[in-house]
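What follows is subunit A paired twice: with subunit B in the first complex and subunit C in the second.
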Partner chain A sequence: MTSPTNRLAVVGAGPAGLAAALTAAHHNIAVTLIDSAPQPGGQFYRQPAAALGARRPQALHHAWRTWARLRDRLDAHVAAGRIRHLPGRHVWFVELLDRGFILRTLTADDEPEVFAADAVLLATGAYEKVLPFPGWTLPGVVTAGGAQAMLKGGLVLPGRMAVVAGSGPLLLPVATGLAAAGARLAALIEAADPRAYGRHARTLAAHPGKLAEAAGYAGRLLRHRVPVLTRHTVVAAHGTDRVEAVTVAALDADGRARPKTERRIACDTLAVGHGLLPHTDLAGALGCRTDPARVVVDAQQRTDVPGVWAAGEAAGVGGAALALAEGEIAGRSVVAHLTGERPRIRSTAATSRTALRKFAAALDAVHTPPAHWAEQVADDTLVCRCEDVTAGAVRHAVTELGAADLRTVKLLTRAGMGWCQGRVCGPGVAGVAGCPPETVRRPFARPVPLSVLARTPSPTEGRQE
Partner chain B sequence: MVGAACALYASRAGLRTVLVERGPVAGGTTGAGEGNLLVSDKEPGPELQLALLSLRLWRELAAEPGGFGAAVEYRAKGGLVVAAHPSDLDALSAFAGKQRSAGVETGLLAASQLADLEPHLAPGLAGGVHYPEDSQVMPALAAAHCVRQARRYGTELRTGTAVTSILRDPGGRVRGVRTDKGDIHAPAVVNAAGVRGGDLAALAGVRLPVRPRRGFVLVTEPLPPRVVRHKVYAADYVADVASDSAALQTSPVVEATDAGPVLIGASRERVGFDRTFSLSVTQVLAERAIALFPVLGRVSAIRAYLGFRPYLPDHLPAIGPDPRAPGLFHACGHEGAGIGLATGTGQLIAQALTGATPDLDLAPFRPDRFPASEEGAR
Partner chain C sequence: MIRRNPQDRPPNLPLDRAQDRPLDLVRARPGPSFTVTVDGRPVDALEGQSVAAVLWSAGTVAWRVTRDGRPRGAFCGIGVCFDCLITVNDRPNRRACLVAAASGDVIRTQRGEGHDDLAH
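And then the complex of A and B:
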């Protein structure tokens, strides 16, 4: 079933996708807004009020007002028929045809649908970067985002003893959220050196709101008496059926665990976060340039494939405010493209995008995983869970079998060949192999049943036998 | 794969060998194809002879102590070619009869016998032929372990090193290669550059028209063992391989791998080095696979990949010395069978290099059998 052409299709109903959809609809463009989640809001606004409120009352006020406004505008446009909101559908492929695009979707129970569009905005957001360490596969070890999901589902059992570790701005809200939900926080382990902020003082000072937010978190951590260890890293998690303790160590100037600084901290929950990686599969299959981990866009958020825009974390990780600004800019650029008018980018959006990107770059420079984290990964540590590949097997492929890049490591070990297609293990495998991260082409954004693939109508090419 | 096998057999024959590779091991077509070792798809002639020799050598390698067979996931699982209609079956059995005379083991199967070999095959097929010799390896592992063995016999491996020119003495004899990391002197140079074999030949001033033929492979989620037991494909495959048409031809071989996923491939198209993903090609692969195995309809494809087969206009590889450039040997252009044919090719090259009598007549594989220019080719 092919619906009548809707002029703009937006993939992802997070801050970026919403901002773009609202901007385009406001200018009378028919928008199809497709999102895999059951509710609009993306990763950020999907948080229930209770969880957000627990963590950041004052920030909540602002974020919630913004969200309520977006939500009302979305409802109004949906009611007026300008936006068709299609939740619960995962776009597995976007096809570029001579005239326009075909978006192919699947529902959670594999029901296929097909939508046509003249322009496509990819606002698919980001997912968490996972790095392996001995014990990371134990029950009780979760990602920072996973911990947020637990909070959201009310799954954090009061009385749990938690350690939050890794690097990046996500650790603070996770730690305060856990504490507020009744968990005891044994420690917050941050790899970065807070003094590194000094080097970015001017950029950071330009964002008093964000700093106040961070200060708010830090204040609440103090109130919960959470020991914060900076320039530290988790070198191993221990336990048999569940994590029982972690070993942490101080980092030296080169990013190596310093000998004799190790100490053991008892806990039954470990939340680890190392930052986010953009979702670029749809862009890659469309042939858009990626760099290696984000979709490359110009000042109007256009990709190098005509008719395809990208905004928000898909085009580079930078937070919800940046996603909103980029979404609005993309929306206006799409309007101009479809109406033939000159793009009217609001200067406030452009200015805030510039500033927020600088801020994100500064955070990114401070919060990197320890340079030599891979040395901590013992040979018997699993690096790829789907295919049960150990770090030792990856090293063997490099030293004994002649692998030299992520692709040949994968071919010779199967790391990254399983269900997740390297989305989870890619950075870990690359680090252990000592090869640079690279753009992995995944033609399907999610697994697709062969019967659906076989029924896929091919409007242009047809069969040429 | 081919270069790895040449290095293996050359160093075993006692030659000092340097294996030069601009990328990593298995980074070329070998890492982007499948590992079917087939006799079933070959009509009697030089390619079939090479395939039979190669299969014997694969068997020998796999049986060597040290676990080579397991390391490369060698499986002599046999092939099953099915015919949908009685007329196809007639053609198929006639074809199999000729193969049998050429030394291929074949077993004619009536419709009722198909289910014994493949319980999940679609009902209503006319019959088929069982080829017990058809086997498989995991191609990247096969190449890597051949290289590893070759290194045990003294081969020096230089990855990340690109050949930029071929050194020749004033008399025109080849005396080594120039790379981006220095010169390597040798009285013999073997061109195993796969789909870039024509470029390498050009460095020595000779023409070898190796071209790319694109193929897509679909990979499913892991399945329980023994859902698909053999390499199964439909009879029209045979016509596709020898085809001269540039149009898309899809003739999927359905095969299970050690790790569980089923591979469905591959398509054949001449579109140069175009890496654009083509949904319609994978659609046809899915369609044809389900036609063979209806159970696959419920199985998900988790990815698809593409590679470029190195082909020569007459669909035979170039193997042996090049009289136009003394000291230059070719081992490329194996199209969709370079994994299967690699061992025989390596053996023949080693024999040619040492002056031993080759196991097969090299005349059909002569590298100078093509016109000297593009115009001459028309």
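And then the complex of A and C:
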């Protein structure tokens, strides 16, 4: 059964999806806002469940006033019937019909539902990239964003003594969040060289707000007496049933671990990340162009498939402020498309999008993983966590079996064929194999029970509905 | 803020209330705790927490064993990695980081990650 056509369907209730939904609803477009999380907010504004009774949730957040405004406007539009907010539903497939779209969703209990729309905005955000190292599968080793998400959403910590490591701007809020919540921070290990910021001084200076935010994090790290090691990397995590310590080493100018600089740091938690990767599966299945790892959009956030927009980190990683600007622009473009009017993109939103993209590009250039990280991955280290495929097996596929691309490596080793469909191991396998990363086309955005697929009409049947 | 009775805790857990600190930070006033069982052992849970959050606050970070016998728990925390698979009320392969805990849940740690019945 298909529900009555709602004009705009927004997938994802993070900053980008919320900004777009609010903009469209403000212009009298009926919006269906579908999000897999139980609460709106996405990653940046992830909220604890109401039942946890947090009276001061802002203690774990930044830019809370912006969130409070978004939430109040969302509540008002929902009350007025202009936005239908559907939390707890994962869109696994968006189907293009002759006119309009069908969105197929599953609840947390795998209950299927179907929604129709005239236009679709993909605001699915990103997930974390983690490059493999010996010991990275030990319990207590978690992604940096994952530690943050469990803290903001569930008000829990994985342990008491944490090391935060990897590279990228996410490590700072994660470290300060864990410390504020009562974890002791044994160290913050960042692969980048802060002196590299000098090369981007002009871009950075154009964002006094962002610099103040960074300074705020630095101040909090000092206050919590967190030792910070830059141009360092975790070369191994140790333990049997859970992580008990990590070995870190300094990096040389080429990005190799320097011999004799290794030191062991005791911890029961390692929160690690090497940047973010956009969720592009729905766009890929719709036939939208992706550039290898983000949805390609034009100045109005339109994809190359008519009726489909993308905004926020799905269209390129750049943080919450950029996601808000892109969401607003996308919302206005959708309004123009559905009403036949000229798009009225606010020049302030366009200007801030340009500036924030430049800022994101500068951060991205500074925060690169160590150039030779793959050399530290011992042969017996798992690279594919789902299928238990070791680095040695991947290397064997390349050097002995002649695999020259990732597809062949996957067929020969099963790396990337498990539950996560290569989302977690993709960059690791590519690095260890020495192959360039490839765009992976996944038919669905999450595993779907066969019982649901069996009841799903094929796209042609769908068109006849 | 007191939500657990220290005497109720499994004896191997320290009593320094470390797991209450995030709740204190946001001045949480959760509802009364309820009990779930994990491999038959009673564990305190709060309404609004995922199964993974319940396990973390009980000091447990490992609850699955891979086919070759290695322990795993939550990794990505947002439903992407499938490392956190667990059996809840006889349904295997649930993502602990996404499933909300409910009173009386019978939670069992699981071995492997049976692929039956799913298409990717």
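Methods note: the second predicted complex is superposed on the first by the 432 of 465 C-alpha atoms of A that agree within 3 Å, B and C clash if a C-alpha of one lies under 4 Å from a C-alpha of the other, contacts with A are read in each partner's own complex, and residues count from 1 in each chain.
In this section, a residue touches a chain if its C-beta (ideal position, glycine included) is under 8 Å from a C-beta of that chain, and two chains touch if they have at least 3 such contacts.
Predicted model, so just to flag it, every value in this text is computed and none were measured.
Judged by the touch definition given at the top, the superposed model places A:P38 against subunit C, while subunit B stays out of reach.
After overlaying the two complexes on the shared chain, residue contacts for A:D405 are found with subunit B alone; subunit C is out of touch. Counting residues of subunit A touched by each partner, subunit B versus subunit C, the larger count belongs to C. When the two complexes are overlaid on their common chain A, residue A:F93 makes contact with subunit B while staying clear of subunit C. In the superposition on chain A, A:W419 contacts both subunit B and subunit C.
In the superposition on chain A, A:G182 makes contact with subunit C only, not with subunit B. Shared-chain residue A:P449: touches subunit B and subunit C both. In the superposed model, A:P158 makes contact with subunit C only, not with subunit B. When both complexes are overlaid on chain A, the residue A:A285 reaches subunit B alone and has no touch with subunit C.
Touched by subunit B in one complex and by subunit C in the other are residues 418-419, 421, 442-444, 447-451, 453 of subunit A.
Residues 21, 23-27, 31, 140-141, 144-145, 147-148, 157, 159-160, 218-222, 247-250, 259, 261, 276-280, 282-284, 286-287, 289-290, 296-304 of subunit B are the ones that touch subunit A when the two sit in their complex.
Looking at the complex, you find that subunit C touches subunit A at residues 18-19, 21-31, 46-50, 52-53, 56-57, 61-62, 66-68, 70-83, 85, 97-100, 113, 115, 117-120. The touching residues of subunit A, counted against subunit B in their complex, run 93, 95, 285, 287, 387, 397, 400-405, 407-408, 411-412, 414, 417-419, 421, 441-444, 447-451, 453-454, 456, 458, 460-465.
Only residues 36, 38, 43, 48-57, 59-60, 90, 108, 127-128, 137-143, 145-151, 153-160, 180-182, 241-242, 385-386, 388, 418-421, 423-424, 442-444, 446-451, 453 of subunit A touch subunit C when the two sit together in their complex.
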